[in-house]
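By letter and in written order, the chains are A, B, C, D and E; residue numbering begins at 1 in each of them.
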Amino acid sequence: MTICQVIGHVWATKKEESLAGLKLMVVREMDERGRTLVAADAVGAGIGERVLVVSGSTARRAMGRDNTCADCAIVGIIDSLEVDREAKQA
Amino acid sequence: MTICQVIGHVWATKKEESLAGLKLMVVREMDERGRTLVAADAVGAGIGERVLVVSGSTARRAMGRDNTCADCAIVGIIDSLEVDREAKQA
Amino acid sequence: MTICQVIGHVWATKKEESLAGLKLMVVREMDERGRTLVAADAVGAGIGERVLVVSGSTARRAMGRDNTCADCAIVGIIDSLEVDREAKQA
Amino acid sequence: MTICQVIGHVWATKKEESLAGLKLMVVREMDERGRTLVAADAVGAGIGERVLVVSGSTARRAMGRDNTCADCAIVGIIDSLEVDREAKQA
Amino acid sequence: MTICQVIGHVWATKKEESLAGLKLMVVREMDERGRTLVAADAVGAGIGERVLVVSGSTARRAMGRDNTCADCAIVGIIDSLEVDREAKQA
């Protein structure tokens, strides 16, 4: 999973039918790459929240239907994140 | 999904048979990386439009046949995109 | 597999139900890219340890249930790593 | 799919048995990244040609046998490529 | 497939059980990125050799058991590699 922040919404009237009814959010990876992706929301995330995002076939599992044409999904809302900066070469 | 723009077409007479009849579009990722890819079109997209693009096994699902040899597909045409630039460290 | 170091923990109360009960660790790839990821722990790893991390559908296999919505998992704790720096152009 | 150019051949006597008899070509991605990959040839491509290349499980589909251990395959020979450079922010 | 060189070994006593008995090698991609990965060896490769490496679900196929938790595998030892440097824009 990658750690992302929810930064927006996408609307698409014309889309592959399995995507109908899904909430599509714009997320940005919170690492050096900072990629911007569109993820289907499986947990009810809101703008500004830090979330866990999965990709590939796992995203289809997250939406509960293997034939959903989403390859990116939000699967968790991060409450807290504890990183040990000292751990780098322990 | 990634946000791409449709920028062209590709023609290939000699190709793996499952690709016959598919419309193959050149798309460019609209992020920092700006990768250029070729995607099968599942929604009738046109040049210049911003689209949602899926990769990997999900692209095969989008084309409706799991044995289609496409690993990249256009699954939606973006009507609007709303990004909250303030959300970066909310 | 990539070689990562465990550097932290993530807590997420609201999450896709298949993730319930999994220990979610923050890991950092120990190569030039140094990406930060969140991995489900299949082996009982601790902070500071060097571990083997798998991605994609293999991560679901590692958690023992193909419907687990994790696309990154810790599958081994590295005891030792022997690299022959002379081997570069042998 | 990515757009690549065929730039060479690879020979490997000792290989996983499912790869026996496959033609293995060296291809280079024709974008900024310019990655060099080895792809199994499903269409009879020659040195210097521009080709469409798929990755991952889709490459196995292209070789006609899901248990083929190739994760990269040439699936089309590009006749022409038409890119609208003006389309960038249409 | 990517072209890698075998540069070392990894030992991990505590690991996901499907990895028991596999030889885990450290490999480095021989392109500009030069990523370092850990691959399960399906062909008996040695330090210093140039090898073909597959990723993702294809690596599980290479190890002969779909439930093996390896997402990277060595599937061939390269005898020779012939690259036409003139082919770049043929």
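Note that in this section a contact is a pair of C-beta atoms (placed from the backbone, for glycine too) under 8 Å apart; a residue touches a chain by one contact, two chains touch by 3 or more.
It should be emphasised that the depicted structure is a prediction, and the values quoted were computed from it without experimental measurement.
Peer 1: To test your reading of the model: what rotation angle superimposes subunit C on subunit E by C-alpha positions, in degrees to the nearest 5?
Peer 2: Rotation angle between the two copies comes out at 70 degrees.
Peer 1: How many angstrom between the C-alpha centroids of subunit C and subunit A?
Peer 2: The computed centroid separation for subunit A versus subunit C comes out at 18 Å.
Peer 1: Can you check how far apart subunit B and subunit E are, centre to centre, with Cα atoms defining each centre and the answer in Å?
Peer 2: 30
Peer 1: Show the residues in subunit D shared as contacts by 2 or more other chains, in ascending order.
Peer 2: Residue numbers touching two or more other chains: 56-57, 59.
Peer 1: What order do the chains sit in around the ring if I start at subunit D and move toward subunit E?
Peer 2: One full turn from subunit D through subunit E gives D, E, C, A, B.
Peer 1: Spell out the part of subunit C that touches subunit A in their complex, as residue ranges.
Peer 2: 5-16, 18-19, 24, 26, 28, 34-39, 47-49, 56-57, 59-60, 66-72
Peer 1: In the complex, go through subunit C and note every residue touching subunit E.
Peer 2: Counting only subunit C, the residues touching subunit E are 1-3, 31-33, 42-44, 52, 54-59, 61-62, 73, 75-85, 87-90.
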